[in-house]
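One chain, chain A, appears in both complexes that follow, with chain B as partner in the first and chain C in the second.
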Partner chain A sequence: MLAEIGIATLLLAFVAALYATVAALYGARTGSERLVISARNAALTTFPLLLTACVALVAALLSGRYDIAYVWTVSNPQTPTFYRITALWGSQSGSLLFWSLMLSGYSCGAILFNWKSDRRLMPYVIAFTMVTLAFFIGLKVFLENPFDRYWAVNGELVKSTFIPQGAEAIPYENLANSAQGLNPLLRHFGMIIHPPMLYLGFTGFMIPFAFAMAALASGDLSTNWIRATRRWTLVAWLFLALGLLLGGRWAYDVLGWGGYWGWDPVENAAFLPWLVGTAFLHSVLIQEKRGMLKVWNMFLVIGTFSAMIFGTFATRSGLIASVHSFARSPIGFPMFVFWSCMTLVSVVLILWRRNRGDLKDERAFANILSRESLFVLNNIIFMMLVVAIFWGSFGAPVLSELFGGTRITLGTEYFMTVTPPLFAALYILMGVAPLTAWGVTSLPRLGRALLIPVVLTLITVVLFALMGMSSPGALFAYAIVTLAGYVALYEIYRGVRTRARKEATRTMGLYANALIELFARNRRRYGGYVVHLGITVIGIGVIGSTLFQQQTQQTLSIGETLSIGGYQLRYNGLTQALAEDERQMIIADVTLLRDGNELSVLRPRTDYYLLSDNTTMPMTIAGAYSTLENDFYVLLIGWEEQTDTTATFKVYINPLINLVWWGGLILMFGTVIAAYPARETVRASVVAPAKNKVGARA
Partner chain B sequence: MAEAAWEKPLGTGAAPRSWSVERLKFLIGGVLILGAVAYLMISGTLAGARYYITVDQLLSNQEYVGQTVRVSGAVIGSTITNTTEIINGVETQIIEFDVANVPENYTDLGQALYEAANNPNAQTVHVRVEGQPMPDLLQHEAQAILSGTLNRDGGQGGVPVFYATELLLKCPTRMSETYPDLTPAAPGA
Partner chain C sequence: MSNLSTNKEPVLPDTSNSSSPSPCAQTSLFTVIPKVERGLGGEVKRISHSSAPRWFKFILVVFLATFAPLPLDILYAQAPTPMPITDDQVNAIAARMYCPSCQGVPLDVCGTQVCIEWREEIRTQLQAGRTEEQIINDFVTRYGERVVGTPQDPTLRAFSLITPYVIGAGVIVIGVWTMLRWWRSRRVPLTDELPIIPEATFSTDDEDYRARLEQDLQ
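Entry: the complex of A and B
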């Protein structure tokens, strides 16, 4: 019954999305209000339908319906309840279903919230969101159905969505024995929320894209589409950033190499839309404030959407070899075709409007030292990063194979050569651009504004040098990263000071009130500065953990100690245990000391998961002692099987690595401030629609 | 007193210069940036480029000996060893195993890995990885993607050993679809 519910709701959602697309376009073309409303209603039904399909699949996972192939693949009788729920996105077809639910959620949200205020854009917004949704639901209905079941046909096992001729149902209890269970690598907190965050980021970028395309199609090329999508873009950007950070945290905790970013093509595929989206968030400000870069912003919003679809395609098509990629599957080619078509349609729409002169800028750049020029420079650097990462991950391997016959891949050296100077340039711009004015800034004025942050930066660098940091490269890197942070702090301070000056008596309470008022009145600007602070903190963490990582490996007898970076690690012994889900655990007991003082007892371990074919899969779980200063990260990599008297440990000290995660939290806080709607800026939601006429022809 | 400005006002510190001069500045700046990024990408490509080849190609072509390449193959589980050695006075983890050739053109990678790892006649190469913890995914029939160099230890005609500096593994269960058998469930399952 659960499978039938899932199949029926998927089919209905597919039909509803297709109908909404056609009705919205036809309604806009003919000016039929009735049809557009009908399209809206059809679009709104996709969410409850897809939610029902997801609930049906989760119910099947919870109740062990192993006759459903997806359930058999990602769970088994030993799988804990919590992981049964998260198994919804544990494999390809389930994750596509979840992906579609989120896309539908965003689409319905945008339709509901923006229906009255952006009525002219709505038919096209519905059409663009629903055609994308129909495509993704279609992939599931026709190619990767999560509700496919196993049937017995003449003694043979057959997988099919519908009942094959002469088929007999297989009691699902009979399949429980061989059910595979969730990949042990995915049983981690970071992996539980990392995919939903990434999907929320990916699918969220659909909304600015749909509004931009609606602006092009409807001819409403004012800043309406930008104002309508600003918060949607910020929300998508935030989720994608969190997804990337959580992915890094998962790699750090689970993959056991002491790092969090490996320049793997799949990691890069998720990073690319974030980079384009960040460029878009900056450049769209110029269009709002100065009426410039209209064509460029359109290209950026297409670029974000295109990178999102391409990333999904690259991960799920077998195009690239990566530890993260899914198996080669039949959805690769349709996804490539869809990606090409949507990109082509978008570019044609832009070129059509541009040739008609509808996307003319209202101003020209007046001076190279202006805020808009530096924002453009910021955009160029972001796009250069995108090109460089795309080339290293996809361009070089695919083109070399196509034209040279042999695939050439680019290793980490390539990314470590190309990206650091570009990131450095971005940090410098992050430090300078907020201090410039729109239109034109004089050098002396900029110099005066930079004076205090530069002095603070120099003091910091001298302090680092006095603390023993001797690498000129590291000092330079810290200088440009901290400059960006000091500028953000200085700008906040200046805003507070200006507000506080209005009052006669100055108290701490006054400054606190001024700070709150400053953020309340200018959420977008000061939220942006908090985001810059978060990026600064992440930068400090990345530099520290990349340049100053220490590692060692030693075999210790019980009671013996190893030393590294001022720490001592004492091995106390080894124990074995059996977990509730039948994992066999080998646990080392070690004591961490510093200067003879006991800091903590760590328990690095190796878990052995019993797989369905009666083999075991090991999983190394690090023991870590975390402070803001560093992470002491220890792995149990070997032990004496017979006597348990010796064990081998790999130890890493990762300086400042926790700043990467703390910076992520600050970034999240800043984005929430920037996106939170201010009472005075809530737009009037009573824009009357044209009489029985929507989507007026351009 | 006026409210703190939302954005900075238009600057008045300098008079706008002629558009053609500014345009020239933008152009020169743009060319410099593009040139610098192109240089970075070319030098990075030259430093990081590796041929991505099969075990057969690695062993049959002398030009790959001593060159950093990327090789893909199927891990033969029975050959995996995990030991420690003292290298330059430092205790170092040594992982060794054989990988079998997986043909370039296949339709089902899982099947291709299975056949390669279990074919006694498949071309194999011995792999040695130094200083890395034993990866959890290093198991029979896993796909190994290795970056490193092939050296012929023991002089000309000696046993070829691939010294890997980077080891990427994919679990065979993620590569191909498996099906249940129709054996009745154990009581209480």
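Entry: the complex of A and C
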């Protein structure tokens, strides 16, 4: 019954999304309010339908319906209840269903929240969101159905959505005993939150794209679409950032690399839309404030969406193999076609509007030294980063294989050569741009504004040098990163001071009020400065953990000690244990000392998961001692099987690594401030044919 | 990492602080001490160089012929074996390579059986005195360019590393050209929701900043 419910709701959602697309377009074309409302209602039904499908699948997972192929693949009788729920996104078809639910949720949210204020754009917003949703539901219905079941037909095993002729049910015991269980790598808290966050980020970028395309299609090319999507963009950007951070944390805890970012193609596939989205968040300010960069912003919105679909395609198609990616599947080619078609349609729409003169800028650059010029420079650097990362992850490997017949890998060496200068340039701009004014800034005035942050930066660098840091590269890196942070703090301070000076008596309460008022009246600007602070803290952590990481690998006998970076690690012995979920654990007992004083007892271990084919899959779980200064990170690499008297450990000291996670929290706080809703205004309230509204302003 | 690329020669044991006899004393062992005959006044009357009996000389020659090569053998046998290769030396090379089965996972951290074997092979090659580049080239020859983080083939290497800079330079040129074009065009504003405040309006930076801030907060 659960499978039937799932299949039926998926089919209904597919039909509803298709109907909504056609009705919305036809309604907009003919100016039929009735059809547009009908399209809206059809679009809104997709969410409860997909939610029902998801609930049916979760119910099947919880009740152990192993005749459903997906349930058989991602769970077995030993799988704990908690992981049965998270198994919803544990493999391809289930995660596609979950992805569609998120997309539908965003679409319904945008339709409901913006229906009154942006009625003119709505038919096209419905059309673009629903055509994308229909495509993703179609993938599940026709190619990767999570409700496919196993049947016995004439003694043979058959996987089919519907009941085949002469099919018989397979005994429960046979299926349960052979069920595969969830991939051990996914049995981690970070992996439980990381995919939903990433999906929320990816699917969220659908909304600004749909509004931008709606603006192009309807001809309402004012800033309405930007105002309508500002918050949606920030929310998507925040979730994607959180997804990336949580993915890093998962890699750090589970993959045993000793790091959080390996420049893996799938990591990069998620990083690319974030980079383009960040460029868009900056660039769109120029259009709002100065009426400039209209064509460029459209390209950035398309770029974000395109990068999102490409990332999904790359992860799910088998284009690249990775620890993060799903297996090769039949959805690759349709996804590639969809990605190409959507990108092509979008670009054609932009060029059509541009050639009609509908996307002309309202102002020109008044001066090279102005905030808008520096924002454009920031965009150029973001794009160069995108090009460099795309080239290293996909461009060079795919082209060399296609045309040279040689498969190559561009790894950390390539990325650490190409990207640091670009990141450095971005941090410098982050430190200078907030101090410039819209329109024009003179060099002396900019110099005077920079004076205090530069002095603070120099003091910081001198302190670092006095503390023993001698690498000029590291000092330079810290200088530009801390400058960006000091500028953000200085800007907040200047704002508070200026507002407080309006009052005759200055008290602490007055300054606090000024601070609250400042953030309340321009949440985006001051929330943005908090985000800059978060990026600064992340930068400090990344530099520390990259440039000053120490590592060693040594084999120790019981009682023996290894030394690294002022720490000593003593090996005490090895124990074996069996966990509740039947994984076998080999646990090392080590004592961490510093200057002879015992700091902690760590238990790095290797877990062996028994797979359905009676093989085992090892997973290395680190033992870590965390302080703000650094992480002492120990991995159990090997041991003497017979006597347990010696064991091999890989030890990392990752300085300042925890600042990466703390910076992520600050970034989240700043984004929430920037996205916190203000009172909305009604911008348009009629639906009219697109041809009447070219260049119209509400 | 750099110390791995040097070929290490076997090092002989240091004997400078040993308590062995001086070279002079060593030669006296085999030197026939001359016999000196003196007169009543102590003057030297005759010096005889042949004081040892013939049989002793014969035994000495046979002994030397038999055992003279022995010290060399002992030296050769006691020559130190090359320094044991540490895991860190192996990992330093493995970090530049990638697992052949799990794409994107560096060889130094991959736990698959094939990677364990490859690391052992790196160790063996290091023990044989091969350099880092020789080892990597050997793996590339046998398994292809995909096992290293950047291609070893000069053409592929240039193709991989130079292309992003070329594209980046193109992006900069287009960006700067577009900005200059915008700057020169200086269109008349169609709307004036946010007029530019000229700096000359205000005598101090504070006044200027306050005006801009208030405009921004509106």
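Note that in this section the second predicted complex is superposed on the first by the 666 of 698 C-alpha atoms of A that agree within 3 Å, B and C clash if a C-alpha of one lies under 4 Å from a C-alpha of the other, contacts with A are read in each partner's own complex, and residues count from 1 in each chain.
Just so it is clear, contacts are C-beta pairs under 8 Å (C-beta built on N, C-alpha and C of every residue); 3 or more make two chains touch, one makes a residue touch a chain.
Because the structure is a prediction, the values reported are computed rather than measured.
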item: First, second, both or neither for A:410, with chain B first and chain C second; value: both
item: First, second, both or neither for A:72, with chain B first and chain C second; value: first
item: Contacts of A:525 with chain B and chain C, given as first, second, both or neither; value: both
item: Partner chain(s) touched by A:178 [first = chain B, second = chain C, both, neither]; value: first
item: Footprint overlap on chain A, comparing chain B with chain C; value: 256-257, 289, 321-323, 364-368, 373, 377, 380, 384, 387-388, 391-392, 396, 406-414, 417-418, 437-442, 445, 495, 498-499, 518, 521-522, 525, 552-555, 618, 620, 637, 648, 650
item: Contacting residues of chain B [partner chain A, same complex]; value: 1, 3-4, 6-11, 13-14, 16-17, 19, 22, 25-26, 29-30, 33-34, 36-37, 40-41, 43-45, 47-53, 68, 70, 72, 82, 84, 90-93, 109-110, 131-137, 139, 143, 145, 147, 166, 168-171, 173-186, 189
item: Chain C partner contacts - residues on chain A that touch it in the complex; value: 255-258, 262-266, 289-292, 320-323, 360-368, 373, 376-377, 379-380, 383-384, 387-388, 391-392, 395-396, 400, 404, 406-414, 417-418, 437-442, 445, 448-449, 494-495, 498-499, 518, 521-522, 525, 551-555, 618, 620, 637, 648, 650
item: Residues of chain C touching chain A in the complex; value: 86-88, 91, 96, 98, 102-106, 109, 111, 144-151, 153, 156, 159-161, 163-165, 167-168, 171-172, 175, 179, 182-187, 189-191, 194, 196-199, 205-206, 208-210, 212-213, 216-217
item: Residues on chain A engaged by chain B in the complex (per definition of touch); value: 66, 72-73, 77, 150, 152, 155, 157, 159, 170, 173-180, 183-185, 256-257, 289, 318, 321-323, 326-328, 364-368, 370-371, 373, 377, 380-381, 384, 387-388, 391-392, 396-397, 406-415, 417-418, 421-422, 436-442, 444-445, 495, 498-499, 501-502, 518, 521-522, 525, 552-555, 611, 615, 617-620, 635, 637-638, 648, 650
